[in-house]
Structures are given as structure tokens and as C-alpha cells.
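Paired with chain B in one complex and with chain C in the other, chain A is shared by the two complexes that follow.
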Partner chain A sequence: MARVKVSEAEKVYILHGIRDDLRVDGRSCEDYRHMEVETDVVSNTDGSARVSLGHTAVLVGIKAEIGKPRPLVPDEGYLEFFVDCSANATPEFEGRGGEELGIELSNTLYRVFNNRSSVDLKSLCISAGEHCWVLYVDVLLLQCDGNLYDAISVAIKAALFNTKIPRVHMSSDEEGGKEVELSDDPFDCVRLNVESVPCIVTLCKVGHRHVVDATLQEKACSVASLIIAVTHRGTVTCAKKMGGGSLDPESIFEMTEVRQTTRNDLGFLCVYDVSLVQAGKRVGKALHAPLMKLLQQEESLGKKRQKVGFLG
Partner chain B sequence: MAGLELLSDQGYRLDGRKATELRKVQARMGVFAQADGSAYLEQGNTKALAVVYGPHEIRGSRSRALHDRAVINCQYSMATFSTAERKRRPHGDRKSTEMSLHLKQTFEAAVLTELYPRSQIDIYVKILQSDGGNYSVCVNAATLAVIDAGIPMRDYVCACTVGFVDETSLADLCYAEESGGVSSLALALLPRGGQIALVQMDARLHQDHLDTLIEAAMTACKGVSKVLDQVVRQHLQEASTLQE
Partner chain C sequence: MALDMRLPTVRKTVSVSTSVFDRKDMVVPGDIITSDTGFMRGHGTYVDEEMLTASVAGEVQRVDKLICVRPLKTRFNGEVGDVVVGRITEVNWTLSCCSHQISLTRRRSAEDELTMREYLQEGDLISAEVQSVFSDGALSLHTRSLKYGKLGQGVLVQISPSLIKRQKSHFHNLPCGASIILGNNGFVWLYPTMGQQEEEAGGFYTSLEPVSLSDREVISRLRNCLLALAAHKVLLYDTSVLYCYESSLQHQVKDILKPEVMEEIVMLTQQKLLEQEG
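Up next is the complex of A and B:
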């Protein structure tokens, strides 16, 4: 990822601020930066979305193609992920420089999204064992300012919401073989149900506290982070620890109590102990409702919506 | 090609344009805050994003440094979802490498590299949606990005792809026209002096038609330069009013 050099004095400053629930840009530990989501930006894909989270910009395009289902699960379709860390983000990604990060990101995305609890894969099946829809999800990283997983997962959810898969029906030709026919009407399409698609929340451990949506500077001060995929019901579908530091096991595994904050006379917050997973679940669950509301609002504007893209 | 007429009897093309008409150009500079210069340009349905980093110290091997001028490093890549058929590799294939070299050659002619010895200027262009005239849209977007980065140039670099069909030159080809068997020529021009930075054609064309085709390309490029000039002036106006 793009590297930012942070001096020791800056690190101490950031650490002390986070300890008191005040980050460099004024947010609290569980606040996201300003997020912009727009769907249907690229017209020759079946679904697309653009997300900008602070200075991080991500563009996702989904193309649906007909392919052969996997032999172990003949009645399901599947998703293929490809993350392109483009040189636009930082010159270090030129040529093959961004490949390592891209492969790491796409492997995590496979684990989070390509299973039947996240996306209804059975609805992607056309005829069991022979034809199914394969959704090629292509993620394009345009600008890197920390918290890539969150931005990518929101973009994938928005793009899946926007995906229009053409309706097909099977017909048999003269020799008895089956043929797949696409319907002639370009507006006749199937939409995906994205209610249970999870969103990824990245929690970075800085000092003894955890922050959500860390910028590159805060990332440079943290030693370890935890990635949690949370659905709209608050179910954790996938968790992964990244980074070289260690996390306190008590803080990872569920701690049921949340010690109450007590403000003493000076107005400081006293011991405020929250487990990582609880925090992640809370933040993740809170992310889904406004996102779905925004997507549905955008959809309801229909053709009247003015497409802004990068021009705005 | 049966069925589709590239130029109808009334003089209209496939998308309803006349022979010398350009597609609608919309552009914005300063799209990304982290890069030194960036621009987004749409020409019809072709959309390109250009980002410039530099001038900065040479990355990698010092032996590539030139003692009297800057090295220009370009990379052309396409998003995997940009074409109708999904593209498996964004860059690294032969066509992308060739395009990158063309872009490098074009900008070496325009940028005042003598002002920055021993340094490097990176120009990265990404095609988000491809509908013909990829090279031209890249050059136009990259010009705006270089201007946004504040790197001095001799002149705007404007490019256009033109084709020859039925004794007429068509300006600014779209994908359907490019793949419909038209002899296409891509031209990059520095409009004020009328100097050509790059000409590329790989189709058969009778030599009598070459002059008319190049003339048509130069006129189209001058049209593009007017639009780019307007975009730059508007951007400067917006930037300066905000700062006041």
C-alpha cells in the first residue's frame, strides 16, 4: 500500500488523541469519513458503482457471463473477483507493483462474498450442471488513503444492487440439445437480492484502542488490525487478522460487558472497554441501513437521475 | 459489412453525426487530490482518467536518468470492464505497451523536459470505458492532467482519430466505425504551430487521399484544442475564485 512516513512525535500525538476518543481530523473512534456512493457509472457493464471514502476512491464493474457451474455445486452460479491496483493510486503500483496487494485483496473478497450465505448463488443457476451465471466482479483502485476493504465492500454491495442480469430461457433445438436464449427486450432483467451481502469493517488497534476507518497516517501508528464482515442482522460472516502485531485475546473474543463511561468532573472519559468484535458488529450493522436506503432512493429516481461520475 | 452504413446518403453517420462533427467532450481537472495532476475526460462514450506524478527523482535504476532533461514514463491501461468483452489483463499485453510508447513519444515532443534534468515525470492513463478513439482520448486527458500538475508544455497536445470512407473523411471515430473496416489514422497535434507530434495509421489508403485525411485530422484537433482551452480556463476561474 502507499506508504506514509510518520515521525515518533506524530505517532505519540495520534496515540494520545485516540486514547481520548479524538482523532486527527476530529472524528471519534467509530466514525467513518465522508462517503459518496454512486451506481451505474460505466454503461457497458451489467452493474457498476463508484465509492469515495475520504480520499480513497474505488470503482467496481460487474459483468455477467454464462458459464459452466462448478462440479461440486452444480446448481449454483459463482462470483469471480479481480482487483486492479492501478498506477493512478501511487507510482509504486506501476507495472506489476500492484499485483501483490491486488491478489491479497481478491483472496479476501472471495472468502467474504463467494458463499451462499452472502449472495443467493442458487438464483444464478440456469440449468443445473450445464449453465449458470458467472459474475465477474472487477475492482479498480483509483486512490489509496487507507481503509480499502471497507470501501471495496460497500462498492461491491452497491454494484450488486445495480446489476441487471438478462432473463434467459432454455430451449431445445432439433437434435435435442439445450440452447440458452436471451430475451430480446433489453429491459427485461433479473435483479439480485443484496439484503444479506455483508459489509467489511476494518478495526485498527492503535495503542489500546481500536479505530474504524483508519487513514494511512493512523495505519502507520497501528500494529495490527482486524477485518470483520458483518451482515445487516449483525451476523459476523468472516474475520481476519492482519498485521504483524498481536491482539489481546480478551479483546477479540466476546466480552459481554461494556463498562459504562463515567465522566468525572474534568469531563474526561474513564475506562471505556469494548471488545473488538462487539464494536465491529455495531459499526457494521449501522452501516447497512443507510446504504440500502441511499441505493433505493437512487434507484427510484430512475432515468431522471443526473449521472455525475467523476465530472461532479 | 452488410446492413450498417457508415455514411448514409444524406451524410449522417451511425450515431447521427455529420462527417466532420466531433463527439461531445466533457472534462474535469483536479479529480484526485493525492496525485500531482489529474484529469477525467469523456469523448462520447469513451471515458479516460489521466494522472500525473512528478517531476520527481528517478525511481528504480539511476542509470536511466538523463543528464540534461527529464524522463517521461507513461503507462496506458484499460479497466477490465471497459470493453464489451471482458478484458483479462488490464495492462502488460502488446497493445498496451505499444500505446504507452506512443504516449511517451507524444509528450516528449510537447513537455519542456529541459527544465527538469535528472528527474522523472510519470503519466498514467486508465480507460474506464472504451468506445473508439482510445489513443486520442488518452492524449487529451493526459494533456489536461499535465496542465493540472503545473508542468510547462510548449502547447496543448490534441489528438483525434479520423477515417476515410466513400471519398469522405470522418472525424472522431467510434468503435463501430473503427471495426467496420475504415482506414483510420490517429494524429496528435500541437495546434498553435500546426506541428504534428505523432501520426499513426495501419490500414490501406491510396496516397492521393492521404493529404485530405491529414488536413481533416488537423482541423478536428484544432476543434478539440478549443474545448480543452475552455476547460482549463474554467478550472482556473473556479480555483482562483475559491481562493479569494
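Up next is the complex of A and C:
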């Protein structure tokens, strides 16, 4: 991730601020920055979305291609992720500087999204064992100001909502071989059900409190962070701890009550991270409803919608 | 938990009066300034077929026989006497500050060189004054006054250097309860006003005592106001910052960065500034 240098005195100021629930920009610990979502920004993709969260901007494009299903799961399609850290975002990404971050992001996204509980992979199957839809998800980081995972996950959900996969049907030709035929009508397409696609919430541990949507300065003051993928029902589908610091057991609030209920769906996670997970669940669950409402509102505007794009 | 998610809208530029812009002589690269050969050409111009043409986008300035074009947006070019706020990138026998072009020399004695690392480390913020400019554009800074030196607790805001107005003093104690250093290089430092002591922002003792919540709120509000003014390209100086602060009091601190609130606040600020001028 892009790093900013922060002096010791600035760190102390930020730490005390977070402890008193008043961050440098006036937000409380669980507030997000101003977010803008726009879909259908790239014309030669099947689905695309642009999300700007504060000064972080990401662009996601999805292309659907016909491929061969994986041998172990012949009746499912799959997703492929590629994250490109553009040198526009920060000079650190020049040349091959952003490759490591890109690979790390791609692997995490793969774990979060490419499973049957997040996306209905069976609907991507055309004919079992032979043809299926492969969705190539390309993520481009345009500007980097902290909280990449959250912005990318919202963009992916919006792009999946926007994806229009052409309708196909199987036909057999004279020799008895099977052919895949695309429908002639360019508007005859299938939309994906994105209800259960999770959103990622990043919680950074600063001092004894956690913050959501950390800026680069706040990230420089935190020692560890937890990335949680949460669905609209509040189910945690994936969790990952980043950073070298330990998650402090003394900052737990409702530890005893939640220990029973959450141990089942957390499994490998240490019980000390529980309050962080509770906060993440709450925040993550609250992201879905406004996002779906916004996407449906955008869809209903149809051709009347004023496209803003990148020069707005 | 607050979440502000919306569809993007085209940003409108807020300008209260358009007549101000008509008065200034604005040119873009390639515009012919004059065909009179009696003028000397200054910065930002070149001669093309005996006609003086602008090479940068900006305002034409004429001093007797010298014509130059001052660009609207440019990299920081320091002049002697400018106040800069910078972050230390390297401590060697001299200090490099914020970018390769600036170096700070603090060598009063041999002990100073060796113990410099005790006072200042990589990542620390300092305020200093430009002592001289080298021919290649590099600056030499000094902190030969108690008001300069290492900065303690506070918030740094980075904006374009061309938005900082050149004034007599760049250190201000704002009546709203915080202090500000408007560095000419675009780095603005906000910090809580020190108590009754004479201690200024510089010196080498930094207090790590927690800052009170009310001071914090004032500083956060000022920070958001600065960003709002910078987004709408308003010149920054103590009066404009103060007017913006007053106009923003009716909103919550975190709401100031929403586009519609920003527009409203900046419009009010520009109106107040015009009233004060005229």
C-alpha cells in the first residue's frame, strides 16, 4: 500500500483523536468518507463500475468469455481477478512497484468472491463439463488514499450488478457436434443476481480502538488491521488479518456474550478478535442496502442518466 | 455509523463575480501578447516571428519595458524570505526537506552535526525560512528564530502552492481557537494555540499531552474548510480561512466535505470577501 510518513507528534495527535471518537476530518470511528458510485463507464466491457471513496478511486471492468469449466466443478463457471495498480495513483507504483500489491489484492479478491456462496456460479454454466462463462474482472487503481479493499469490493458488486451476459443456447449441427450460439439481439442478455455478493470492511486497529475507512495517515498509525467480507445478512464469509501487530485482547467489549454464537462461523479466528468482528459485521451489513438502492435508482434512470465519467 | 453514498454529479465551479476575471489579462500558451518589439521579454514568454507570445497559461504582468507571464499553477519556486513547512526525508550532515530541491543547514558547531539526529528524525515536520536560492532552483533554509523549528501536535494539509497568498506574516493565531502556518510551498500546518507561555510552534520540546476535544474540533473544521477552499480555487490567507470557518459553523464538521455543502460555504466566503473589499 502507498505509505505516507507521519511524525511522532502527529501520530500522538491522531491516536488521541481516535480514542475520543473525533478523527482528523471530523468523522467518528465508524464513518465512511463521501462515496460516489457510477456504473457503465467503460463501453467495451460487459459490466463496469467506478467508485470514488474520498480520494481513493477504483475502476472495475468485467468481461464475459466462454471457456472450459474447472475439472472438479464441471457445472459451474468461475471468476478471474486481475488488479492493476496504476502509476497515476502514487509514484511508488511506477514500473513494477505496484505488482506485489496487485497480486496480494487479486488473491484476496479471489478468496472472497470466487465461491458459490458469494456469486451464483451455477448460473454461469452453459453445458456441464464443456462450456461455461468465465468472468474476467479487471480492477484498476486510479487514486490511492487508503481503504482499497472496501472501495474495490463496492466497485465489484456494482460492476457485477451492471454485467450483461449475452444469452446463449446450444444447438447441434449436421455431424451431431454441439455449437454455442449467441442470440442475435444485442440487448438479449442475462443479469446476475448480486444479492449475496459480500462487501469487504477493513478495520484498522489504532491504539485500543478500531477505525473504519482509514486514511493513509491513520493507516500509518495502526499496527494491524482486519479485513472482513460481510454479506447483506451479516454473515462473515472471509476474514484476514494484515499487519505485523497483535490484536489486543483488552479492547474487547461484549466478549463473553458473543463467544458462543460467533465461534461457529469463525472457526480459525482467535477469540480475541471478536469485538472487531462484531463491529465489522455491523458496518458491513449496513453497506449493502444503500448500495443496492443506489444501483437500482441508477438503473431506473436509464437513458436519462447524465454520465459523469472521469472528467466530472 | 454514517454512510454517504450517491451517484456522481458534474462539479460546478463556484464564482461569485465574473467581472473580476474580465479585468485581468489572461493568456494561454501561444497567445500573442504584443507585436511591439520595444519590450523586453521576461519569464513565460518567447519571441515568435517578431511577436511576443506566451509560453504558459497565466496572467500578463508589465513592469515598464518588461513583460512576463505569471503562471496560474506551477511547482513551488521559492524566493528569499518565504516560509516553508516541510517533512524531513533524510538526516545527514545537512537535512533534506520534503523534496530534493530543498536542503536545510544547521551547523553551528561540530556537536550540532553529531547530535542533530537527537533533535530531528526522518518524518518530522519543521517550519523554516528560505535563506537563499541556488542557480539550479534548490533552496537553502534556516531556522534562525524561535518561531521556526520542529512542529509538535497538529494537522498538515497539502494544497497547491499557487493558492497561498503572499503576505507579511504566515503565522496566525486565529480567533476561533487554533493557530495556522501557511507555508508558501502549499503545506499548511494547523495546531492548537499554545497556552499562556511564550512558547511558539518551533523550539525542540514537543508537548505530547492530549489536546482538548474543543480544540480538536476547531482544527478539524479548519482542515475541512481549507480543503473546501482549495477545491474551489480560492486564494488562501488568514481572512479567507476565517470567513470560511464562520460560514461553516452551521454544518457538522464531517459534512463540510460533501459537494453541496462545500459549494454553499465557498459561495458565502466569496461573498463576504467581496463585501470586505468593496
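To be clear about the criterion, the second predicted complex is superposed on the first by the 287 of 312 C-alpha atoms of A that agree within 3 Å, B and C clash if a C-alpha of one lies under 4 Å from a C-alpha of the other, contacts with A are read in each partner's own complex, and residues count from 1 in each chain.
By definition in this document, contacts are C-beta pairs under 8 Å (C-beta built on N, C-alpha and C of every residue); 3 or more make two chains touch, one makes a residue touch a chain.
Remember, predicted model here, so these are calculated numbers, not experimental data.
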item: First, second, both or neither for A:Ser86, with chain B first and chain C second; value: first
item: First, second, both or neither for A:Arg33, with chain B first and chain C second; value: second
item: First, second, both or neither for A:Ser300, with chain B first and chain C second; value: neither
item: Touched partner set for A:Ser7, first chain B, second chain C, both or neither; value: second
item: First, second, both or neither for A:Ser171, with chain B first and chain C second; value: neither
item: Common ground on chain A, meaning residues reached by chain C in one complex and by chain B in the other; value: 312
item: Residues on chain C engaged by chain A in the complex (per definition of touch); value: 1-11, 87, 89, 121-125, 151-156, 206, 208, 210-211, 213, 216-217, 220-221, 223-224, 252-254, 256-259
item: Residue ranges of chain A in contact with chain B within the complex; value: 42-45, 48, 55, 57, 59, 61-63, 65, 82, 84, 86-91, 94-96, 136, 138, 140, 142-145, 309-312
item: Complex contact set, residues of chain B against chain A; value: 26-28, 31-35, 38, 40, 42, 45, 47, 49, 51, 53, 59, 73, 75, 77, 79-84, 86, 90-92, 122, 124, 126, 128-129, 131
item: Of chain A, residues touching chain C in the complex; value: 5-10, 12-13, 16-17, 20, 22-28, 30-38, 52, 212, 282-283, 286-287, 290-291, 294, 297-298, 305-306, 308, 312
